[in-house]
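Quick one: structure below, then a few questions.
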Amino acid sequence: MPVVRLTKRVHFSAGHRLCNPALSDDENARLYGKCANPGGHGHNYTLEVTVEGQTDPRTGMVVNFAQLSETIRTEVLDRFDHRNLNTEVEPMRGLVPTAENIAVAIWGLLEPNVAPARLVEVRVAETDMSIATYRGEGDH
Amino acid sequence: MPVVRLTKRVHFSAGHRLCNPALSDDENARLYGKCANPGGHGHNYTLEVTVEGQTDPRTGMVVNFAQLSETIRTEVLDRFDHRNLNTEVEPMRGLVPTAENIAVAIWGLLEPNVAPARLVEVRVAETDMSIATYRGEGDH
Amino acid sequence: MPVVRLTKRVHFSAGHRLCNPALSDDENARLYGKCANPGGHGHNYTLEVTVEGQTDPRTGMVVNFAQLSETIRTEVLDRFDHRNLNTEVEPMRGLVPTAENIAVAIWGLLEPNVAPARLVEVRVAETDMSIATYRGEGDH
Amino acid sequence: MPVVRLTKRVHFSAGHRLCNPALSDDENARLYGKCANPGGHGHNYTLEVTVEGQTDPRTGMVVNFAQLSETIRTEVLDRFDHRNLNTEVEPMRGLVPTAENIAVAIWGLLEPNVAPARLVEVRVAETDMSIATYRGEGDH
Amino acid sequence: MPVVRLTKRVHFSAGHRLCNPALSDDENARLYGKCANPGGHGHNYTLEVTVEGQTDPRTGMVVNFAQLSETIRTEVLDRFDHRNLNTEVEPMRGLVPTAENIAVAIWGLLEPNVAPARLVEVRVAETDMSIATYRGEGDH
Amino acid sequence: MPVVRLTKRVHFSAGHRLCNPALSDDENARLYGKCANPGGHGHNYTLEVTVEGQTDPRTGMVVNFAQLSETIRTEVLDRFDHRNLNTEVEPMRGLVPTAENIAVAIWGLLEPNVAPARLVEVRVAETDMSIATYRGEGDH
């Protein structure tokens, strides 16, 4: 059967402040610029999740889009949407909430939960201009 | 000469939490739902500013787009971008940072500064789905 | 208080075929071109609903976006989404399902249900290229 | 019958250089900044044309979208698309090719050709960030 | 010479209903949810076709975009646009019209027709939220 | 550490005319169609630059988005934005300004300047419909 990729795109809004608590305020400001502003800010994040698998000839589907949406909702949106990524999202604990770290954390949440498909890409856009993509490479 | 409208669209990212400090936590939660989440969240706001005026026959312009951009930058973006709208933005002091209040506050900042054109509309989109538009009507 | 407009943008997918049952197949084909194709086709419709009202100083809101969304869901989306506009949507009965007629029908469903705000515009986009806007003018 | 607005959105790509030949190079540079760069540049213009009229009860249409598209194609796109707006587009002769002047010129081309509907708005976006809107007001 | 990929993005509108005629109505409803609604619905599909090849040093092109557009028009759009994917599109005969099956069917139509370039990806978006991508892997 | 990709999307406006000076006017017209129009035209180009690298555990970043933006600004935008690609952009000298050649030229400008990350993709969209992607394959 053909091997096809399915991508589900969803949105969530969250607050964050880029700072490493182990660094001084000056170091954080130098490193993260306006993203280190003490009061924090936030984004409308766009999340694209891509899975891959064989098309089931009976259903014509790799996985059910509705089921994939439900997985993303329970694993990601219920934890991230309308939350503060520095203080309120358990899977981000101890991580600077950069787009890179968000993508890797979401990979960890979804990877065990998309069978029989296989997770191949997590893409996190902070804005239309700044996007991180993780494909499971390296230690995570 | 023809009377033409010019619209400049810009983006800023800010944090906010919908809550009225005069209300109890329960009342705020009932009123604002997940937008009242204590840690706050944030958005990529899209701001559209529309001015109107006669086209200058020498230049073919109502106002210079570059000059309008500069006005928006100094009056709005320098105050709102990468800030917390509840605590760090002077023109929002004492206001619940709803899209409605943001639009009216931005009107107040821009209206005196776009001559010889005339401000006719300020449009603030929190997300692609939720937009407030202010045209200077009512007391502000 | 300031008078502000709120716009809520939502999406629905529906099937339709442009044809007036009172006309012959030839007349329908001449009138509607490929949109009269017998098997029907469909669109991802974008619906923008705009209401207007005074900002409540206690809440900073004209109406609650969540409540407006809920009204649109029950009055429009539950009836139109994933339906055939020629045969399955009661408020479209007897109407050719053009963007114009869809906009007017949706006005009729929403207008009595957005108080204390006032409905000022219903905008229906069949595609990014073809949009109908109704503001309550004329008989409907 | 209800009075409805129809908007048709189309795209064209054109070259232009902002300069008034009656001014010196220095004056043009001061006035138009990088837009006065001698070699010229260009844009993907988005044009939105809005007409208004009563819905015909037999067809459910104000005007046929296909007919409106055809009018825009012959009156505008055939003249503007893939052309140099300073030198090759007759209706722009003698005009600095600003978004304002383009919108007014297109109004003049379309206004006599959309009956039985009535032209109510021409909107020209040079980029997503810079938009001119003409509604037929003032001399043109 | 450099090996470059070209992507052409086009749109078509079509009707469909997700159902496998070999299954009962109940099974179809359980499998496809609202997408199995008997009257059918439809979408504005976005199709992205990507080919790869060496840039011709004389022309600076891998293939002519205009020629690629023409191939997509005759092979795909003339068959799919404004059609019912369950009943009127020959290459979809016997297939449940999921995004997965549409992508694979379009691969089959285009793959023999893009020489001297090589087809590398067909991407079908039912909505901005739900996308299938086929790269020719597995049996098809 | 995880290996993550970062994509920065920016815009520039430029003029161009597709023609190979070594060919006759007739040959250029046959080859490039309306894109060979003598007066030239132009586009709002969208450029997406993707780099790859290990996330630094101290910063949570592969590279600083601000630094990547600055590199793109100095290497690409300062040379291409509001310029004529046939006559005014040194890295395009002697090349027909197709999307393919622009992508390869931009690769050459950025590839030495994104360490410690590694350039993996340059994507140039002339319009939403026509996109060239270069990944460093073949001679350049």
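Observations
Lettered A, B, C, D, E and F in written order, each chain numbered from 1.
One rule holds in what follows: a contact is a pair of C-beta atoms (placed from the backbone, for glycine too) under 8 Å apart; a residue touches a chain by one contact, two chains touch by 3 or more.
Note that this is a predicted model, so its numbers are computed, not measured.
Shared contact partners of subunit B and subunit D, listed by label, are C. Note on connectivity: the fewest steps through touching chains from subunit C to subunit D is 1. Chains that count as touching both subunit A and subunit E, per the definition above, are F. Ranking every chain by how far its Cα centroid lies from the centroid of subunit B, the top place goes to E.
More than half of the contact pairs of B-D, counted by residue number, reappear in one of D-F, C-E or C-D; that pair is C-D.
With centres computed as the average of Cα coordinates, no chain lies farther from subunit A than D.
Distance between subunit A and subunit B, defined via averaged C-alpha coordinates, is recorded as 29 Å. Mean C-alpha positions place subunit A and subunit D at a centre distance of 41 Å. In subunit E, no residue reaches two or more other chains under the touch definition. By the document's touch criterion, interfaces exist between A-B, A-E, A-F, B-C, B-D, C-D, C-E, D-F, E-F. Contact residues of subunit F toward subunit A in the complex are 1-10, 50, 54-55, 58-62, 64-66. Remark: subunit A residues 11, 13-16, 34-35, 37, 39-44, 81-84, 87-88, 126-127 touch subunit B in the complex. Residues 18, 20, 22-23, 31, 33, 95-101, 103-104, 128-135, 137-140 of subunit F are the ones touching subunit E in the complex.
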